[in-house]
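Next, two complexes with subunit A in common: one pairs it with subunit B, the other with subunit C.
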Partner chain A sequence: MKSLAELQAIKEKMQNKVALRDGSGEMRVVVGMATCGIAAGARPVLSAFVEEIANEGLAGKVTVSQTGCIGICQYEPVVEIMEAGKDKVTYVQMTPEKAKRVVEEHIKGGKVVAEFTLANKA
Partner chain B sequence: MIRAHVLICGGTGCTSSGSQKINEQFTASLEKYGLTEEVKLVQTGCFGLCALGPVVIVHPDGTFYSMVQPEDVDEIVSEHLLKGRVVERLVYKDTGEEATEVDVANLSLNDTAFYKTQNRVVLRNCGVIDPEDINEYIAMDGYAALGKVLTEMTPQEVIDVISDSGLRGRGGGGFPTGRKWALTAPNQADQKYVVCNADEGDPGAFMDRSILEGDPHALIEAMAIAGYAIGATQGYVYVRAEYPIAVNRLRIAINQAKEMGLLGKDIFGSGFDFDLDIRLGAGAFVCGEETALMTSIEGNRGEPRPRPPYPAVKGLYGKPTVENNVETFANVPQIILKGADWFKSMGTERSKGTKVFALGGKIHNTGLVEIPMGTTLREIIYDIGGGIPNGKKFKAAQSGGPSGGCIPASLIDTEVDYDNLTAIGCMMGSGGLIVMDEDTCMVDMAKFFLEFTVDESCGKCTPCRIGTKRLLEMLDQITKGNGTLELVDEMEKLCYYIKENSLCGLGQTAPNPVISTLKFFREEYVAHCVDKKCPAGVCKDLLSYVINKDTCIGCGRCAKNCPADAITKTDYIAPGHKLASYEIDTNKCVKCGACIGFCKPGAIYKD
Partner chain C sequence: MKELSLNILDISKNSVKAGATLTQILLDETEEKLTLKIIDDGCGMKKEMVESVTDPFTTTRTTRPVGMGIPLLKLAAEMTDGSFTIESRHFEEYPENHGTEVTAIFNKNHIDFTPLGDVTASVTTLIQGSPNADFLFKHTLPNGEVSVDTRELREQLGDVPLDTFEVILWIEEYLKEQYEALNN
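Then we have the complex of A and B:
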């Protein structure tokens, strides 16, 4: 170790990998995975999110987790995206293809994909 | 991408309850469900709740599973990790008052009564990072303090910050750490040393072990900082060989630090060199005494030497040496990073920061807790420790192990810090806190600790070698019913004689358990000597087992199960009963107590 900059570089690289444990990720993607969600295909949706977020190099900023029944079973698979200081966005009837667009446009681009949201369906 | 981390406790407690198997099972199950790319397994150090091991935590949810068995693992993987459904039956059940109001499924570690009131400074990384991966330590600001010290501060500035923080030795003595460094720094020598005392010997104390197991790099970083402050280039960690996991992790950590150039030559390009080696101790209690420890590192029999000269002047190999305890060192990097004022904001007037206690004995949550100095004993025992099991009453807590004293129930609101404990004739010690309920005999307890110190006395000085032996003999007489009040007085005199005349801390503190029980529980000594009774019903020679002939239903189960054939049938049939009652022949009775467990109507009692 010859300089502080070198240490800082390791720290930044590693911080992403442990951020998950203190909940310091900036954005949370929560996939509803109760029986209804799984039956409707939540699992491939979750996998798609995990894969896409990794591909985009956003793993340090975004955590993907699961939750139980959100209560709107007819709209499953349901995915909620939470970000500090912003309203929660609920995406419904998700597919792996839609997941890719959400990662690209919402998570990366910061623009909600309105056509997939609950507000658009209800 | 890794979306979930499964943290499995790999401390000594959980390892002995089978966490290694759990780890293997997780590896197998994750593979089975195809989750190896998404879920990362991390073996960490101690979480603190050792009584409930093996402990597993799943992040990002923070779900806290306790007492996990290998056969439960598949369920956690298939339900929680695959489908996102928490396995509620395995989630830790909180012991706090509001426990019932907490949503079990969402109960995360930090919400539990056990963790909520804690303030984890020293233990901040224990149970959070993988201790065998230096990168995870660096992610948690690791080695940033060493970097700051070497690039921005002079040695004197380092000493000033530590002095200003008010940090005192966590090994028991409570000597100000900054002053110790300041006394060593100006002494000129061709070589100086930094020594870490990891010879944790108090029965019931295991915080140093947990730090070594859970966050070994914190110690390495702190020792390098100390080396810079006093001008030493070589350090030794003296750790007992009975801590194999701790030794192994420390060894891995030292090697990683050397590989990365965080130990060795020209660290951070500052020109400062520091090297660190491990020395294994054979587990003698006296080697926890600083001069005996240094004698042992030098390759000699671990015996203390008279002070002065103090280690600051003539320590290891006759060179100026700073010796600190593991927990003391573990505070140092954070004081450097966050400043003396941050550290001073925790604690009491003369005891700053936090203290780690190893809670043991008659308490729900056996384990490690870290609290700010000045927390009351009541909070420690009832709020964090979850109270006394089986509805028993709290009687006393022994602080400081065999060198310390007891805090009786009447002083349960004492704010725990160095000075308050000293004021009541107790001591902080290394932080072992053994909780005792009403079934504990204080004379027997004092005898237990004296047996320990008699065994561990190195024999160099007479007051300790012979004095503690005589003291134990007197206690033995009292517990056998042969004591007199004169003997108690004589014993008390001997206690002070040993204290004043012994060479080192071992002898000087050995009589403390006797002195403090005499101070707070003298009536128990009197009961043993005058009434020939043991009020707690512990000392076998002073109690007999009796059957209440009117409540005995004559089933005979006690007689069948008596190993000494001491129970026989009588002719007496109690009114309303069909069978004759039994009686115990006190001459034959070996007082094993087995009969009580077999007596359904509860007719057998201790007298």
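Then we have the complex of A and C:
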């Protein structure tokens, strides 16, 4: 069974990492998590991003956060990816499977998955 | 919503938005009934707002004039011949003990009962999305209890934020193990 004391180990590990993280290229993954997003399946999409990014060792480079209604409820789950100096990319009608591909091809590989973007739907 | 746990995630976000420092999510389950209570110490609502929150055309969102969160939870409870109540104390009137309390009671054996679903995922997602707020989650079942209190996690973690990937994955496993222990 897990015990709260295990968090101490995570704490120590993180404190060593903080110095390394400074100056790394920031990338932000933002998942729409209002009622519309949640009803359309945003929760497993968010979990998939968190898991994949952690598994791929990208935790120092990428942050995952949640936002409210983006206003295009019919396209939920909506995920936006922001990176300094680059245009924002909006992925629509996301699923955990699509999230895995975005982590692999876009976040890791630097290539936007055009077929999942809003631009491709409009 | 396909799972009640999604309603729980959705409604608890209102508490965070209301500036709650602590949001308690309490599930009490017997063979027949499921009682959900969400209690926060946020800013509270004025009487007029409390009266209109079950109306889908009342919302705090700025992108669309429709808010389905509360109406959907109320409907889910009432469909099972259960009940839904919301009580609130606005900070202007109650500067010391403001906040909101939502109670939904479900008849589990009713044909229209929506399954609870993945509560672990909802609680984890809630913490991930609001790492600066505190949550107490407690699920009381006939054979035991599952719980997590972010204030206790914070004591161990010090400055390390709750939305650190490893911490979030740890919380998920922590809850999963507690549920598995009850099932065995």
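As a convention for this text, the second predicted complex is superposed on the first by the 97 of 122 C-alpha atoms of A that agree within 3 Å, B and C clash if a C-alpha of one lies under 4 Å from a C-alpha of the other, contacts with A are read in each partner's own complex, and residues count from 1 in each chain.
Convention: contacts are C-beta pairs under 8 Å (C-beta built on N, C-alpha and C of every residue); 3 or more make two chains touch, one makes a residue touch a chain.
Note that the coordinates shown come from a computational prediction; the quantities given were computed from them, not determined experimentally.
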Check whether A:Pro96 is in contact with subunit B, with subunit C, with both or with neither, and answer first, second, both or neither.
neither
For A:Ile10, select first, second, both or neither according to whether it touches subunit B, subunit C, the two together, or no partner.
both
So which bits of subunit A does subunit B touch that subunit C touches too?
1-2, 4, 7, 10-11, 13-15, 33-34, 38, 43, 47, 50-51, 53-54, 59, 64-66, 68
Sites on subunit B touched by subunit A in the complex:
1-5, 7, 38, 59-62, 82-85, 105, 128-129, 135-136, 138-141, 143-144, 147, 151, 260-262, 266-269
Footprint of subunit A on subunit C - complex, ascending:
1, 6, 9-10, 13, 61, 63-64, 67-69, 72, 118, 121-122, 124-125, 128-129, 152-153, 156-160, 163-170, 173-174, 177, 181
Subunit A contacts subunit C in the complex at 1-2, 4-8, 10-11, 13-15, 33-36, 38-39, 43-44, 46-47, 50-51, 53-54, 59, 64-66, 68-71, 73
Partner subunit B, residues of subunit A touching it in the complex
1-4, 7, 10-11, 13-15, 17-18, 20-23, 25, 28, 31, 33-34, 38, 43, 47, 50-51, 53-54, 59, 63-68
